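What follows is a set of structures for review.
What follows is a pair of complexes built around subunit A, which joins subunit B in one and subunit C in the other.
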Partner chain A sequence: MPNHDVILCRCEDVTVRDIHDAIDEGYYTLEEIKRVTRVGMGPCQGRTCLMLILRELSVLTDQPIESLLPDTYRPPTKSVSFDLFGGHPKQGGGAHGF
Partner chain B sequence: MVSNAEIVIIGGGISGCAIAYNLAKKGMKNIVLLEKDYIASGATGRCGAGIRQQWAAEMNCQVAKLSREFFETAEETLGYDHDIEFKQKGYLILAATEEEDKQSKENVALQNSLGIDSRYISLEEAKKIVPILNTTDFISATYCKDDGHLNPWHTTLAFAKAAERLGVKIYTHTEVTGIDHQNEKIIGVQSNKGYIQTDKVVNAAGGHAQVIGEMAGIELPVYSERRQILVTEPVAPILDPMVISFSKDIYCQQVPHGAFIMGRGGENEPRDLKHSTSWDFLEKMTETALSILPDLKNTRVLRQWSGMYNFSPDKQPIYGDVPELKGLYLAIGFSGHGFMFGPATGLLMAEFILGEKTTIPIDKLHISRFEKGELIEEASVV
Partner chain C sequence: MIHTDILIIGGGPSGLCAAIAAAKSGAEVMLVERSQYFGGQLVKQTHMFFGSEKQYAATRGFDIGKKLVEEVKNSDNIKIFHSTTALGIYEDGVVTLEQKFESEEIYLKVQAKSLIVTTGALEKSLPFPNNDLPGIYGAGAVQTLMNEYLVKPGKRVLMVGAGNIGLIISYQLLQAGVEVAGIIDASPRIGGYLVHASKIRRSGVPIFTGYTIVKAEGTDHLEKATIAKVDQHWKPIPGTEKEMNVDVMCISVGLTPSSAFFWQGGCEMEYVRELGGYVPKRNRYLRTTVGNIYVAGDSAGIEEASSAMVEGSIAGLAASHDLGFVYEGYNREIEELLQELEGLRGGEKGIHIRRGYNKVGF
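Then we have the complex of A and B:
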């Protein structure tokens, strides 16, 4: 049995227990669990925790992991500062330099 | 799944959930709500979730005010066990052109006449409310301290759970595929999970309102257009109100969690009902945001997403019934403001369906207004 106080999502401090509670409340999809717990919505965008959450969800709801993968891609893949995107173009760089 | 219902509500966004809750509270039994995905999965859960009363059209002001009054005590009234994150720190609407400045003055006069506590203010005062504001491109502002922001998922779940406690049956992941009618009367609803006999259907399908209309053989005067939005990493609180500029095409808010959420209207947005995203959004959005709030330059964008605005011809909701088809009710065409109008939608539609006198008259929002041509278009929309 996992330790329920273990933090799965380090960005939003979501524990194993939080995920179990959400599933107990009847949320069976990653999208719903994200919305009620904020899991995977922090600066790493789920890169650290997504597979851990999917494994918990898969075991507890008896669904294969492949069927639980998120279906929407939300850019940017990695967090990017406002200045890089919307800053005024500079010599040899800035918003239009890549 | 049940095989018959007193009423079937289509759509598990805030409108559908609030209508279900209000009908149940008024004593209606055997209410069914069908949602093709999950609660708040469509426009509601994707929206900016600001609530404002600062409108140019009278009905929008009245519906917004009624909703704001409900939001102030929503958590207790709905008995929800989670914070709905109501932040009531106002809306600051910036005027950049003479035309906008004139419209602002007219808007405030109308709002004040309806009991909305908005004010026309100088840029100096605006700067006191938002010290990080770059006022260079603006002339004046309007401010209403009672406007605010909520968490749209938890607010909608609060309505849904309260409705369920009152006996409403909510079926998520259940898609309506047909609406059965005979002799100009509704007789049933077909879904991918089964058939439900009913003589009343509420179309609260948000971005898919016109699709539901087609199923009932009714052409509705609404269409859906994509809108995009982004969220940043959480940072220390530096912005109290929602900041809006219509001519710069931006709304921007810092939520209690610390993240900034902002969106824009954009040009040539697709109407294909797909939740797609585009690269130029990020570039234009961040550029506009930096011109107003330059301190955001080192803040990082985490993700962008999209949702649907369901536009009506005058950018005001369509409430009421449909003359051609008995038993069909509409709560559609919110034009980007369905979330903030949610509580009023729920109350007014429930009153209308039950044949009660509505808390505020809604005849001006009936679908027949488009045939009569009595349109007053809302001027203040991002």
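Then we have the complex of A and C:
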């Protein structure tokens, strides 16, 4: 990938160069790179970029992709309003099953 | 707190089949689906399926979905929740959900004895200059726009990827009256079935094999795409560039299993190229290393709808059986399903997929 301005994470506008820079600074795991670049922390939560970042990391650090770990998956898996958790009166009671 | 025997996350082909199979023994099943419709990717499949009668050959994908939904609705043991997204699995096994109902969002907690995760897959993307311009979509997203929301994505399309998804969606674009400027694929051969590729070629759409996308251009949306031939190291060869004036580009370069819930649930995971990414280890009855979490469909490894349905049935039968529910036809039926799955993965076409599954069995 010769062009370093190519965007890998479009939610957070993280480029190939940003990933290279993070690795040059000594961040070798996706979890670390996420913390310094915000990669995968936007609305899509890495759904689009995870595989691209892993491939880049694999090539640059010369490790097979099989040996790399993704970042930690924590609930909630999608963005939700605080209102949803906030001891809301509707909570729990009103499931609408069919 | 809602209590149920089996919670199934994802109402696509494998989730629906899992629900039907699990309910046969009398287990109480709860099936949740993010979308407003059940059927998953089947909802958008307007083409007829291949295979045997058992696998709904010559039936259109959305009709298969309808049949399965009908069966699910006819079962007294299955409660279905649409517009309901699973948010997480917690340490105590509780699964949280967000249900959209009318204009409200409702927070639900479920304690299930077993969990079947059939969350499907995500589209892979590609790195190239200006890949974030509006007009550049995943091919599946364009199929959703067209076939589910009846919205044309634009006027002239470049399809990147000549696998079955790329070929089928190109044909559906033509049916919707959208011009397809061409299909490219970096590999030297068309990946998808010849029947689909032939239909495309008969419609006059060129398929460029051995070509990759070099860059996209446009001011506020996609206006032009440059493609080029690749050498044996998949690098673009200077001087072979072609420019195409297109306002839409569909990226169809494969899928990766949706794995978030397996990580959260503590399942042992493995990155398997042949299966498209991270998948949970599982036994032949699709039970993961966490005893009460099962996997089926594309979230177990990228394949297609027929095997997803068979896997769903296996996971559903096994999950209820393991909870102690008795279903007389269990032994015979599960063996038949396992054989059917082997058949679907047989022959030369299945070598790749079999190699993948051998890496995750335990």
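Keep this in mind: the second predicted complex is superposed on the first by the 86 of 98 C-alpha atoms of A that agree within 3 Å, B and C clash if a C-alpha of one lies under 4 Å from a C-alpha of the other, contacts with A are read in each partner's own complex, and residues count from 1 in each chain.
Simple rule for what comes next: a contact is a pair of C-beta atoms (placed from the backbone, for glycine too) under 8 Å apart; a residue touches a chain by one contact, two chains touch by 3 or more.
Every value quoted in this text rests on a predicted model; they were computed, and no experiment measured them.
Enquirer: Following the superposition defined at the top, how do subunit B and subunit C come out on subunit A, clash or fit?
Expert: fit
Enquirer: Quick check for you: in the superposed arrangement, does A:F85 touch first (subunit B), second (subunit C), both or neither?
Expert: A:F85: touches subunit B and subunit C.
Enquirer: Check the residue A:V36 against both partner chains and state whether it touches subunit B (first), subunit C (second), both, or neither.
Expert: Touch status of A:V36: first partner only.
Enquirer: Of the partners subunit B and subunit C, which touch A:S58 in the superposed model: first, second, both, neither?
Expert: neither
Enquirer: Could you tell me if A:P76 is touching subunit B, subunit C, both of them or neither one (first, second, both, neither)?
Expert: both
Enquirer: With both complexes superposed on chain A, which partner does A:C49 reach: first (subunit B), second (subunit C), both or neither?
Expert: The answer is second: A:C49 touches subunit C but not subunit B.
Enquirer: By residue count, is subunit A touched more by subunit B or by subunit C?
Expert: Of the two chains, more subunit A residues are contacted by C.
Enquirer: Once both structures are aligned on chain A, how many angstrom separate the closest C-alpha atoms of subunit B and subunit C?
Expert: Distance of closest C-alpha approach: 5 Å.
Enquirer: Of all the subunit A residues, which ones make contact with subunit B and with subunit C?
Expert: Common to the two interfaces on subunit A: residues 72-76, 80-81, 83, 85, 95.
Enquirer: In the complex of these two chains, what residues of subunit A are touching subunit C?
Expert: Checking each residue of subunit A against subunit C gives 1, 3, 5-8, 10, 13, 16, 47-52, 56, 65-66, 68, 70, 72-78, 80-81, 83-85, 88, 90-92, 94-98.
Enquirer: State the interface residues of subunit B toward subunit A in the complex, per the touch definition above.
Expert: Going through subunit B, the ones touching subunit A are 38-41, 45, 82, 153-154, 157, 232-234, 257, 275, 277, 279, 282-290, 296-305.
Enquirer: Provide the residue numbers of subunit C that touch subunit A in the complex, in ascending order.
Expert: Touching subunit A: residues 1-2, 30, 73, 79-82, 85-90, 96, 98-99, 101, 104-109, 122-129, 131-132, 256, 259-261, 263-264, 270-273, 277-278 of subunit C.
Enquirer: Considering the complex alone, what residue numbers of subunit A touch subunit B?
Expert: 27, 29, 31-32, 35-36, 38, 41-43, 45, 72-76, 79-83, 85-87, 95
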